[in-house]
Amino acid sequence: MNNDWKDRIVRMSGAAVQKCMRCGKCSATCPNYGEMEYHPHQFVYMVERGDTERLMASPSIFECLTCFACVERCPRGVEPAKVIEAVRLEVIRQKGANHLKPDDLPAAADEDLPGQALVTALRKFAK
Amino acid sequence: MQVNETGAFVPTVVAFCCNWCSYAGADLSGTNRLQYPSNIKIIRVPCSCRVNPMFILRAFQRGADGVILCGCHPGDCHYTTGNYYTRRRMTLLFSMLDYLGIERERTRVEWVSAAEGQKFAETMKSFAAEIAALGPNRRLEDLRCRK
Amino acid sequence: MQEMMKKRAMELLADGTVTRVIGWRRGEFSYDISPAVFEDAAQIERDFVWDAFCGANVSKYLIRESAKGRVLAFLKPCDAFSMNQLLAEHRVKRENVYLIGIPCAGKADIDRIKARGIDGVTGIEEDGEAFVVHTIYGDERVGRADVLAERCLVCKSKRHPVYDELLGEEGEDLPDDARFAGVEKLEAMTAEERFAFWRGELSKCIRCNACRNVCPACTCENCVFDNPDSGISQKAAADPFEENMYHIIRAFHVAGRCTDCGECSRVCPEHIPLHLLNRKFIKDIDELYGTYRAGEDDETKNPLTSFTEGDAEPAVVRKRGRA
Amino acid sequence: MQKLGVFVCHCGTNIAATVDVKAVAEALGREPSVVVSTDYPYMCSESGQNLIKDAIREHSLDGVVICSCSPRMHENTFRKAAAQAGLNPYMVEIANIREQCSWIHKDREEATEKAIVLGRAAIAKVLLNTPLTAGESPVTKRALVIGGGIAGIQTALDIAEAGFPVDIVEKEPTIGGKMAQLDKTFPTLDCAACILTPKMVDCAQNENIRILSFSEVEEVTGFVGNFTAKIRRKARYVDETKCTGCGLCTEKCPVKKVPNEFNLGMDNRRAVYIPFAQAVPKVARIDPDWCNMLKNGKCGLCSKVCTVGAIDYKQTDTVLEEHYGAIVAATGYEPIKVDRYGEYAYAQSKDVITSLEFERLTNAAGPTSGTLLRPSDGRHPHTIVFIQCVGSRCTPEMGKTYCSKICCMYTAKHAMLTREKYPDTDVYVFYIDVRTPGKNFDEFYRRAAEEYGVHYIKGAVGKVMPRADGTLDVQASDLIMNEQLHINADLVVLAAAIEPSKTARRLATMLTASMDTNDFFTEAHPKLRPVESPTAGIFLSGVCQGPKDIPETVSQASACAAKVIGLLSKNKLTGNPCVAHSDEWMCNGCSNCASVCPYGAITYLDKDFRMPDRSTKTRRVASVNPAVCQGCGACTVACPSGAMDLYGFSNSQIMAEVDAICK
């Protein structure tokens, strides 16, 4: 168990992982569930348990669309999307950089890009 | 055999109802004005376990075309266990009647609670219709009692 | 075996263990054997028989006899089951009876012997897998299976669930495979066919009450059919309904208590297969509530005076077999 | 020839609108035996009742049929009216021509015809009615409470408060039961002793309560209002009336190595002992299995030090016989034996303990004075694993089929308290479900998980393996992550299922109270009469009826007391006269009826009968106690000879109704 890591994630996300009751509603509502190795309830659970390495190594964290459906519907106010965002940031920081800079955005935007992706990118950046 | 003005067969049906659930359920269907055929006549017994196979045979002897027994749902018996005995006794009795070639549709057990006025009326309607379709009881009647 | 039984009976009479003995005595004909009470050694020496015609179940007689003092009874496995059921129902006091279990290899059915054209029967002897029938015309050898009573062909057990001592080897329970074949055959018929079958059989009933009088489960002080206050009393069946009524109620009253000893069918002068009614109840009970054998012990509760919360609903009857 | 009166009610227009009441009265008036038949707008009104009363007097009626609403509505009204006019109230029958006729049919002709048939059936029945008198029996105004745990204590206190004397029979030397062994109570974390002991003292001080500790009920006879119980007062070798509970004997006793059952054998007591400091009665007891004086006559030290001369080595069991009006079963529970679950290594390792043992390990009066230490080496455990549902929710072969109900909450309590006192301890709870329905219960459990950081893992523990270094390898499944886990634990705590006390079955037999397959007492009605046994006069308090926690036990105990008080405040009990009765001349004595009777109302007697031939025959015959019988009629059908019949619903009455309907 990696408690430092857990504390950092909790601090960054502001989410209350210990409140999770494992009802699975976040995963039940997740639109990208099928693509994920770990699912939203597992993200929360792994953070709570300090299960660092597996979670950070998993591509699942980038498959989260940050649509916030899980945050909207969690009966306990755990905010799984924020947790996963914090994990993503942690991964990115470990690699030494934030991949997206605000200035890059206009160039990166192309016509076929779904609006959702753009909003998501901005949300990620806004951290 | 009773017929109505259109000449259709009107069966005689005896319903044994336990005082605590099914008789109260029958009262409730009355309170709610839920219709069921008038050829069904209810006999009140304290508990479905009071119904002796002799009573059922007696009804058939005297000209009943169908007999239905109603009691509290298993587990809800006013006397705790009465309807569990009813269930075994009637299962075996009905099986024996069937074995003797008596139409198995002529007998029925239904659990009706005091709150199930609707179910009581529906059950009686469907049972009466079933017996009407089956025709008069000829296999277990007493010729001396034939109307 | 007969000599061993006689010897033991005389010993027990002599040492005062019992005051009377229930066994079998020959009647008018050698195959006409009925249960009898013997009170001294001389009677035993003269009349006591034990052969393949001793089919009668003696257990019921113990109700009356045991009330008079301690009595010895020889019990075939069938009789022992009936006996045990009577003990469970407090009809016989255990301390008033001395029970000797005797082995039984099946009893011969005189009607089946006669049906083979064998007449003038004067006796019978067992000889391995065959019977030697003595007649006034000489001995006839017949295969056991050809003349055994139906109930013995489908014997349920060679074991004595109750006894004080055993003569001979104790046997084992036998598989039930064949016992319900007759019931199954009827179940496979349509309701019309079944109705026709039973009408044909039960209409022969002359209400001689032999079935009731021989039945070790029918031991009521006053039978409902004899009791004018019961509302269903009847002397002779006046109508097909009463024929049905009598047999349905009788079967129902012994349901869960009947040990399937087959005496009802044996004594029926009209050869009505009454055991098919009782076996139907036994089969239903076994299938619906788990295998139960009346007379097995005196603790297991009669399936009609017990229940489980998950019992089948009576509607199960509507879903089974052919309508 | 009987004379009957028929009274047809209009019920305003409720009946009269659909049923031609005049025609019904006229038709029924033509029935044989009917001497008066009339109709009236409101039979239940005072003038309607007067009409009936006048007719009864005027025509000296033997029976009355009232065609009106459901008997469930006004049967009593009309029975009372009949009684006022001098007719036996049970000579009244009601034909239900409102709920079961006028209200459910639209066709006037059809409804009228049916009303006539129903009236005929009632006439046929009433002709066979017999006057019945409800029996009366006095009530002994004293209650017996069997079991002195929190359930028994609460019930006894409430009954005593209402002014009735109560005896508490407790098989142990002190009252208090399981609650006395607990450390804290959820969800408020009050100390169990702090809230229980005042109640124990109240019991001792209440002049209406007599505590019969170290006693067992041996035999109960009688019926509601009139029970007689034989109570064995086991020898404790100390005179209860003299002992002051000073404890000097317990200090001087040289036999020091007796496993202390109060601390579940985790420490020792002396051969003469007081179970715990707050015991009530605070009286010592000598354990004859260990006492040298009682075993071989050598010692006698306690007797020498006792200043009041309370020690009595010659004391023997005595049997007390007492009469009661009501009996309360409050026999409580025991945790099941967990040795059978080899996978948890309870028998192999001292560090695998049950929750009740954990309670003692954290209790200030416990073997470790309240410091949580491993039983094996006395060191602080740093990783503790709690395992839920040990033996609960299993197949009957594997354990108990039911949920023990209290484990989720006490485990949350244990986990929380551990984390509070020893924050450096990692606490894991393996659960199948966490069940916390109760006021402030879920909040309590969430607090354990959220604020105290207890790790709740959904999944069961498959194996506990003691390792060479003294720790325990706990192999479990994590169903959220879908993987197997290994935890290196210092202490494993098993939430053992609870089962009814072993003494309950014997007691139920004595009381003829029914039990379910798990040996919990059955209630008279699962929803509407949850604190009464189907056997009249027997009441249920606490876990003997089903698993419950303390708040629920106390509520049930008080509810039970209310029922007992209700019974004891009556001077006489009036029975329902519609009870079974057996015709002794026809009874076979086969016991079929007794085996279906849910109330134990049927007993058997060997009775002498004068036979027609002037001989005397002793026969075993059934006898129904009318005060106990509730009149369900199950026995009447179980009886093959037809000896058993039911007053008010006799075979002939029901068959007469059948005949009238089918005619």
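By written order: A, B, C and D. Residues from 1 in each chain.
The criterion applied here is as follows: a residue touches a chain if its C-beta (ideal position, glycine included) is under 8 Å from a C-beta of that chain, and two chains touch if they have at least 3 such contacts.
These figures come from a predicted structure and were not determined experimentally.
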Between subunit A and subunit D, which partner chains are common? none
Most distant chain from subunit C by Cα centroid: A
Any idea whether B-C or C-D has more C-beta pairs in contact? B-C
Roughly how far is subunit A from subunit B, going centre to centre by Cα mean, in whole Å? 65
Between the Cα centroids of subunit B and subunit C the separation in whole angstrom comes to 36
Centroid distance [mean C-alpha coordinates] between subunit C and subunit A, Å: 81
Distance-wise, how many Å sit between the C-alpha centres of subunit C and subunit D, to the nearest whole number? 45
Flagged in subunit B as touching 2+ other chains are 53-54, 58, 75, 81, 85, 89
At which residue positions does subunit D touch at least two other chains? 596, 638, 651, 655
Out of subunit A, which residues touch more than one other chain, so two or more? none
Pairs of chains satisfying the touch condition: A-D, B-C, B-D, C-D
List the residues on subunit D that touch subunit A in their complex, please. 446, 449-450, 453, 455-456, 458, 480-481
Interface with subunit D, subunit A side, in the complex: residues 16, 18-19, 21-22, 41-42, 45-46, 49, 51
Please give the residue numbers of subunit D that touch subunit B in the complex, ascending. 70-73, 96, 98-101, 103-107, 110-111, 113-114, 117-118, 121, 514, 522, 524-527, 534, 578, 596, 598, 630-634, 636-638, 646, 649, 651, 654-655, 657-659, 661-663
In their complex, what parts of subunit B are in touch with subunit D? 12, 14, 19, 23-24, 26-31, 33-36, 38-39, 41-47, 49-55, 58-59, 62-64, 75-76, 78-82, 85, 89, 121, 145
State the interface residues of subunit C toward subunit D in the complex, per the touch definition above. 67, 89-91, 219-224, 227, 229-231, 253-254, 257, 301-302, 304-306
